[in-house]
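Dropping the structures in below, format is structure tokens.
Heads up, the next two complexes both have chain A, just with different partners, chain B and then chain C.
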Partner chain A sequence: MVRIKHRYLLINILYPDPKSTSGRPATKPGDEVPYTVQFRRPSPDRMDGGVLTRLIRDGVAELYGDYGSGKVAGSLQVKYFSQATSTAIVRVSRDYYRLVWAALTFATRLPNPVGQSCVIQVVRVSGTIRKSEEEAIRRARLSIRRAEAAAKSSNAATAGLAAATPQLLSTEDDDADMINGIEDPDDPRDIEEDLDDDEG
Partner chain B sequence: MPFYDLNVPWSTPNSELPRTLSFLAESYLIEPNADADVCAVGYNVVALNFTITGKLPTNFACAIPDPLPFVVPSKLTVLRRLTLVLTTPVNNAALTQLASSYDILAVRPVDEKSLLLAATSLDSDIVSLDLTQRLPYFFRFKTLAEAVKRGVRFEVCYAQGVGGDAVSRRNLIGNVQGLIRASRKRGLIVSSGAASAGACRGPWDVINLASIWGLGQERGYEALSEEARKVAVTARLRRTSYRSVVNVVYGGEQAAKSDKKAEIREKGIQDVQEKRKVHVLDDTSPAESEKPVSKREQKRRRKAELEKHAETKGSVVTPDHTKM
Partner chain C sequence: MAPGRPAQSPHDSGGGDNNSKKRKDAPTNPQHDGPNKRPRQHIDQRQKIRIARTLSTQTTSAAFQNGALDVSSFVKSRAYEIQALENGLQRSKKALNERAFQQVPKELRRRTASHNVKRVPKRLRARAGREMAVDNTPTVTARRRKPSGHMRLRLETVKKLRALGAKRKAEKDKPKDASVSELPAKDVQPGTITTAIKPRTPKVKKSLLATPPVPKAKFRKRQIHKSWLPTHLYHAKRARMTAPSAPLWRFAVPLTPTAKSYRPTHRASHDRGAVAWDMSYISTIQLEGRESSVLGMLKAMGAAEEDLSGRKASKWRAGLRVLEAFLYERESPHELIAPVTMVWCVYANGAESVEAEGRKRKVLLRVHPSAFFQLWEEVLRLAKVAKPAVSVEDLRFEIGSLEITGPGATEALLGALWPSETVSASNSASNAATTGMDVDTTLDTPRSESVGDIWQKLAGLTNPALLPQNALLGFNVQDPRLHHPPRTIALPKSDAEQHQLLELSASWPIDAAQKSCDIFDGKARHLASTTLPSQKAVNRRKALSPPGEYPQALPKDPRMPVLLYSASSATPTNSSKSRQQPKSHNGGSWTLLAPWKCLPPLWYSLMYYPLSTGQQPRFAGLDQKRQLAFEAGKPWFPGDFPGTKAGWEWECEDRRRREGEWRKRPRGKRVGYEKVEMGGGKKGEVGVGWACDWERLLDGPAVVEEAALGVVEDDMDVDGVAAEKAGDGAGSAEKAGEDTVKPAEQEKAKEDAVPFQAPPKPSQLTQLSTRQALALLASPEAKLPTHINLTSALVTVRLTLLTRGVPQPCARIYRLPTDNADLRRQWLALLPSNLPHKKQKGPKHALPRLPKDAPAHVVQQRLAQSLLEPPRAGEDKYPACPAEEDLVGFITTGNYDLGEGQGTGIGSLLLSRVRDGGEERNGCILRSAGTGLGRLARWEVV
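Now for the complex of A and B:
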């Protein structure tokens, strides 16, 4: 029985440019919005899963031509898109996920109805959509906490909150662990020969 | 696993720079208590790069002010780097003098002759080529291997290729392929060269690009973290210690000399202390393999040496065999 295996890429869309319009709610005038919040602002209204799909398909076509488009077209789908957190989960076939990943890396601006420059960062690659979802939830929580800490420290000018929460940075680097990095390891049942010749 | 981005162009005026640095800085994944103005793409160490073309300036001071004129994200370490474009021939003495006020020295050859010069005789830490141009020559294994043996690393900058220009992208990919092939995947580092925040990419995205271009996931990860770290550490050693071997840590009454790192290979420098064995590895790691020595660790070592010295005579320091 041949099952089509997929990879689910969890991506963040970051907006590196300063906001041109000053329609920022709930900030006092003269209050500097910290970069954290600026880079991860919600996507523009016109942005949705369809725009993202178009972005990816065009990117793959530009980078890999008809070959790439053909390889990737069948299984490419944006499974989840959140405008508020500018996060998306994209499904790709397992053999060619690197192509799509590269196309995302090379994307510099969102296509026309939206037309904003962006940086797309792939945050997690996993074989099941569930893992990607969990990661998305975890990150959303983290960023809320971070934004709260930012607001508090800019108001009260104390590092109290920041200092209180424990440092979870692992100082013991296990390089073997990091080789896979953000990719979830394969399920032992799913290991098969890698058909992709591109990888060195 | 700290990620290094050793090429963030510096220029005055630099209105984009604080934004770019914030964009590059690390805060994501694990820590829930990140500082206010740190944002996540994922780098820990960044080097600001100041480029000089043509004649060397007479003023040898560092062009990048210290401290920096804007707020730097707190988790980010900022190094200062100088890139010299080799349009005119340069000699080593002038280079070392210039380099002493910066943390890292890089050299940008413009043709095959200057590439040969940079790889074989010039005393720089990085050789950086403009890979978005069509290069009229091929990379040769001999040249690159010799350079890597001396401790010089070759740099790939991805920002111009990612920027959107199809021709640069094609040239970049082709040249990187040639570089990877000729260098046998060793001795490469990847950096951004990003003039604005929009040209930066996350470290894992860059590693993925490198693996598509032929470097492979493991080597790509090394290129971004380990190799870059080696560059930074070797550069520092070259500047602070005597021929990268001996560094006086505690110059007190006992005059204890301590050996900072066990790296000797590229320069082929002989051991200064009699009883130590020289461990020459054919591997291209110029500094201690696992971790950079933290201040606490340095203090501990100093203490250990002093105690040891109190027991034994002379300044014999046992080599650290674990660092292989």
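Now for the complex of A and C:
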């Protein structure tokens, strides 16, 4: 028997418009939220796997017409969607995952019940759900570390302490990366950090 | 998904309410209670997997209070995600897991389907119990199992017989009631045969073939045409035995364990563990007489002079070493019988005086059962004419033996063999901890030490090859059932202890301490097997001993005489000192001789000994024996000696088997031997494709014509006539039947389904010993005994492939072409030593792999190099196989060699054809039967 082969897309949803998002920065004055945290906002509660499916289906239909939606419809499934972290894993058949990817890339706005402008990043395409889950774990770890480092540095800055630790430097670099809005998963620095993390 | 709650598995709600034998309904969907069980179970499993695969998620409102974005909530939400994903990974992996019964390691596979929790390892027991409770699987014990069809019939018969027997016994016992009560007392106290009427000591009938022991009535019907090995019951449960209709050498021999064991056997024998065989089928003959006359007999049978009477052989003659030598028939044509192991009994009371010259001595000859009758007749004939007389005794069913090899072999034997002498000396039964090394005792006074004491000092020895070659130990051991289950012995840990072991093996005090061994004494053997206490009596004694300790040894305990020797080689390879031993990394093995009836307890103790390296010794069958001999690069008797009678019979049997397999297949799916491209436009396999066709090899060019006619014209009459012309009388009929393929012939072959009888061996086919072969090869003028016909003398060789490929049995061996200079040059160019690039990385026999970013000039260089590359197999330029006049022999055993990491083979060559090979005499070309592709190889005499 021939196995039906799939691709699993690990995606992140970003909300660039701060006004309309659900997670607003805390209003307290001395408690600024670091950029890395602001960049990865949670999704609104109404957003769920169904909405994401609809978004993809509509997008594919718009871009590729009936052909595309027919090819994709059979296998499209949202395997995992976490609102708190705006991470999702989407399954699609191996032959047509590019259609879905394109639809995701061209999406600018979540469909109606949510109705918010968004950017969707496909951060990993893998053949098994296991690998995409592992990647999601890796990325979650990375963002935790960055958030903590950023929080520390901002606290240090407000307290007027100049602690030039290597970690601090690296977070600055991270922030510089973040300004471009592009994460490079294969950045050697990241891997080193990973290794450190494992040792610790 | 509820926030923060991981998905639940469906097996949470339990509670057994009914005792029905059906599986319980799945707790998750009790509303489904329809009659269709199977689909529901299916759904249940899928549901289980789906639930296990669902990942829990957290909503934004739960993660962030009031939707406020701050670092701690952010971190917490990610941490939650990590947790959820990791859980999901774990759960989905577990959902696909099998039941505990299916997780039992491979060695315990036999128990998987037993439906009894007590049969799985302890660590899995709780889980298995839970699973069985959930599924409502009834526990099954052997006692309560419903007997299957055949078993039911058998049990009914047993019941009937038992009733009959009881009735008869009751009638018989009626008149003499008084004597009945005394009988069980014998069981309780073994070793005390002090009854008023002494049992008649069995008179040994010399010069008669031994009859197999009369089996229990229960098993008698199954041993009519064969006998069982002493450990048959153990093996029959765990191994594939010879088919009941086709016993090997009149024994039911274990062929291979039921569990997969090719690689595990290799590992256990080379790296870690031990492999044991019950070798009781090896036949033993005892000669008794004056040393000179026995030696004369052996000399008459062609044993080499220096082996028997030289200074080096003095230890063997004293009974301190074992000798393995080829014996030949006395009458011309002096055919090789078999390699025979010979052991002398030690001089009685150590007196090697002049007076001892006249005394009778005993020697044991051990020979493979396939050659037993040949040797027996030869020995009988010689014993009759020997002066002073030599008496011959057949000890086939009296002495059993086992063999054990591997790094843990010595350790396992130490755990099983508890010498009796030490007990009588110190009279203190000690537990396992003290059986190992006794550090305090020194080696200063070897005289006072008994062989048993020295034996126990061998703890820590991983390779018997460390000991003097062919070393020998004879002593008495206690009943191993008293120390069952065996415990791991104490092994030497410090350097000093290791050093002592080295010193021991160098000085080898056994030579001084060895007394005459009881195993040569028929009475001692008989006593040991008859006074063996019953298992009940042993159990009683064990029950009386304090917990955790073995029962005290009593002076009345039976003493099992054993003889232990380390064989470092399967066949005699003496006189080959100059040549490097093919593979020295293979450790030696121990052979243990013990009375036939004493073998089972020893075997069980050995098999259940917990090795210090983990696991227990493995048992193995005939196939493993051959495999290990092959991996050690040694020929296996009889299979690899086609020039002997036994080897010829083995070959015929093999031929028949292969032919059957070949004929069984449909035409389109079997090798068409008549269509094989032989190179040079010739077609058709040389000789019979499924055989090592020695007749064809010997009969030379006359057969070539015949084969050409038979194959090309496909004419049966011509074939038959030619075969008759070329063949030697009796063999011709078979030949006509076997030669090439023809539907009519096949049917004819099917018809005659008479019991197989091997055709007589071609009379001129002989096998040369290693020594003779080496002498002949070393110098062209070397003299052979006149009786040997050099043109048809075979020599056993080991072949290593120089390029690639794996030799198969029946593969044809060609010498490098002799009359076609061009072809010869082409083959020589393929030799690795003649190739331009020598040391290289990357794949073997190919150019090294280029890195991805190799610069252009390197790529060009590579291109040029690849043009100079010798032709690969399958390419047009690859040299064709030599013609039939260059055929020199056949591979008898060939396979991928796990030790070597490449294919090797054992085969036989016609010595006369390779004797004058010029340069590259040892080079040869191998071609598997049924293929046209030759491979370069090199041979060496073994």
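Note that the second predicted complex is superposed on the first by the 145 of 200 C-alpha atoms of A that agree within 3 Å, B and C clash if a C-alpha of one lies under 4 Å from a C-alpha of the other, contacts with A are read in each partner's own complex, and residues count from 1 in each chain.
In this text, a residue touches a chain if its C-beta (ideal position, glycine included) is under 8 Å from a C-beta of that chain, and two chains touch if they have at least 3 such contacts.
Bear in mind the structure is a predicted one, so any value in this text is a computation, not a measurement.
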item	value
First (chain B), second (chain C), both or neither touched by A:80	second
Which of chain B and chain C A:137 touches, first, second, both or neither	second
Which of chain B and chain C A:44 touches, first, second, both or neither	second
Which superposed partner A:67 touches (first chain B, second chain C, both, neither)	neither
Which of chain B and chain C A:105 touches, first, second, both or neither	first
Chain A residues touched - chain C or chain B, whichever exceeds	B
Partner chain(s) touched by A:146 [first = chain B, second = chain C, both, neither]	first
Contact residues common to both interfaces of chain A (with chain B and with chain C)	34, 38, 40, 150
Residues of chain A touching chain C in the complex	22-27, 31, 33-34, 37-38, 40-45, 79-85, 87, 130, 133-134, 136-137, 140-141, 143-144, 147-148, 150-151
Touch list for chain C against partner chain A, complex	55, 57-64, 67-71, 74-75, 77-82, 84-86, 88-89, 92
Touching residues (chain side chain A, partner chain B) in the complex	14, 16-18, 34-36, 38-40, 62, 98-99, 101-102, 104-106, 108, 117, 119-123, 139, 142, 145-146, 149-150, 153-154, 161-170, 173, 175, 178-182, 198-200
Chain B residues within the chain A interface of the complex	1, 19, 22-23, 27-28, 30-41, 162-164, 166, 169, 180, 185, 196-198, 200-202, 204-209, 211-212, 214-219, 221, 226, 291
